[in-house]
């Protein structure tokens, strides 16, 4: 038993607050927009130059001039504004975005994050990930708890230290996996702390599949 | 005999070229706009955030939202665009303005310029002058050849070295005074060169009223 | 999230405190948040550091805060139009830090954009560069300037929607857009308050994310500092004869 | 000063040379100056350094210059969508310098604004900071990044007037405004060419001073990289039940 992608997204949505400006990464983070509580004002930023991102367009209504950072066609809302890439990343780097929810390959117990390159494989580039983790007020990672290798084995993704090239150091505040939720005291000495278990998951199971040291503070 | 203010402005206007973007300072430089040759496209920049500055408004048509850097009411043209102060000085600092014509208290033979403060007097501030002289491609100074003191004596303004606090170092390309015109090799070793005499002015008169060393290269 | 406040006093009530740093938009008297300034004056807070290109004129704009001695320090590029300013400065009652106008604008933009420092040619070899790092890049000398960030920014816009999206008008834009980005809280005074969607999204100059609070202040009278005009006769003459050198 | 050229080939004819550096606007295939890219391809210039957030896709946008091996180096943030790119890179035929997207955008803005270097938090402690100065400001580490300036910038806009004033549309704005400012010559491809005054001066995104040449290229077909849609039925369902966690 573990959380589904939708359950992980729903858990991530509990980090939202009324009036928040939020940047969602590709994959599970994108699903978070489906779980914004009714009546809560949350504006989504797309780092290619848009605030107030709407849902996908109806078929036949796609506009090539209106895409998100994943290059997907999207729509505007009454609250929408457009701006340049420089202004967009000024917004990100300047700490004006309240929350960034993104995926990761590895997270270390000190808050280090790796999600952009695997040595020996073709590197596609970091896009806006380094800017987001360095600039946004609060960074939430949503990812599978372990990586599944081609030979059927699994590798932990919550590590003592990342061995992949870093996207940022001391940047992650919260990690949501299919097995549970961890806080990280990224700037302090508090380390990583397990605060929630996914439905039907035991602390023993998490311990077995986690390399990082963590304390336990379940409700 | 010497040039009038209008004659100085007219001489400065000969530095204009078709397609130029130009910033004009307060005083005589402002008069240069009256001497833009017919059919020549010259767009005036106002550093408070406007390109394509038009003439003063007709009486009764002043708009408080439309002023120049001297805080005077002005008008727009079909070519006009507005932008922020940061964008305006990005334009200036980035070297996109072709020509700046401004006044000065002192100019040194190496191109140093002083025009913003007199020690012991109330300082009003440099405004945009330091940005303009550092950033604009070509800097033309229009000023009286000498300063008239309260006791009736006069002090040279073209000096070996400025003694007033500097606005910029190695920045002036051309000086137009009521007595003549000088070029300055601001980045090189060529020094200051007298290239024109005002109507009825002799080289001897200029020499007597100039402290700076200069060579003579009259046509 | 309700950003709209009934008036300037309500919008600023819990934000003001002694010795805080306030950015104030405007160039001369053009595009100044005058009603917000009035509310700062009425609050009586003092010891303020005010970052503003100019210092208003006597009895108008920031001039009002000078009259009441609420300002301890100004960071500005030009303050020439204010007699009370001159008096306080010469009496040593007021500190002033002059910045070149473009450096001031860029320092504010940098502060809002998470850039703690940048290099510029402006001011190299002058008093402005004293005590600052000067460094060569590609054979040219540049001085390092720091970003600016305030506790509070007060801005003025022509139109604003209830989401905080702003659009400025003509040269009343000036320092307002950067200042809106460079403070812990930004309060906007808008001449026209509209619903979200009424400002075309391509025409929004300041996205709502930067605006914490917004106050609708319909225009009464805007002051003009230098009323300069031409006469119709002159204009006709200029059009007929004008242009030739 | 006539800025308007009859077509892309004419506009670029005397500007192109081997080994030059070209900035190219756009994000993915959105807001790319495709006709100008075609003209670069047709010219046959090679050894190019291209500064662009992405590298197009196979056979579209900058992908066309990769096919013909005209590009020696890319400065980009993400190049994931291009097989030919991957092939050339892995074969050592193509150099790539990855920049974080925001750092790339800011480096270009800095280049255009006369700022040779600035500090940013982005990339501190990562490969991006290797070999660069890292410095503490107020207890936090920042890396120094340099401004970028090109020989030529190619940009795309929705509307442009004959003076070179440009207005972009929606997210097709992206890197175009900064790139327009950061090159010795900028050439703009516009979908609609209008007379000066037809674009409201408060709505101009790029003032004409930055645009050296302009080409009118009416829209034929714009490519979409990821066509994502929702069905009307789904939407109705979402509207009825949606929102609750």
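Order as written gives the chain letters A, B, C and D; numbering starts at 1 within each chain.
One rule holds in what follows: a contact is a pair of C-beta atoms (placed from the backbone, for glycine too) under 8 Å apart; a residue touches a chain by one contact, two chains touch by 3 or more.
For reference, the UniProt names are A, B, C, D = Succinyl-CoA--3-ketoacid-CoA transferase.
What you see is a predicted model; the values in this text were computed from it and never measured.
With centres defined by CA atoms alone, the chain at the far end from chain C is A. The distance from the centre of chain B to the centre of chain C, with each centre set as the mean of the Cα atoms, comes to 26 Å.
If you average the CA atoms of chain A and of chain B, the two centres end up 55 Å from each other. Chain C and chain D, compared by their mean Cα positions, are separated by 32 Å. In chain A, the residues touching two or more other chains are 76, 82-83, 89-90, 92-93, 135. In chain C, the residues that reach two or more other chains under the touch definition are 106, 109, 113-115, 120-121, 168-170, 173, 201-202. Arrangement of the chains shown, judged by which pairs touch: an irregular graph that fits none of the line, ring, star or complete shapes.
Every pair of chains meeting the touch criterion is listed here: A-C, A-D, B-C, B-D, C-D. The touching residues of chain D, counted against chain A in their complex, run 27-31, 53, 76-81, 86, 89-90, 96, 98, 100-106, 108-109, 120-128, 158, 168-178, 205, 222-232, 235, 238, 242-245.
Residues 106, 110, 113-121, 137-138, 140, 142, 146, 167-170, 173, 200-203 of chain D are the ones touching chain C in the complex.
By the touch rule above, chain C contacts chain A in their complex via residues 1, 109, 111-115, 161, 163, 165, 181-182, 195-197, 201-202, 204, 207-210. Of all residues in chain A, those touching chain C in their complex are 18-19, 21, 41, 43, 45, 51-52, 76-83, 89-97, 135. By the touch criterion given at the top, residues 10, 13-14, 34-38, 46-50, 55-68, 70-74, 76, 82-86, 88-90, 92-93, 112, 122-131, 134-135, 165-170 of chain B touch chain C in their complex.
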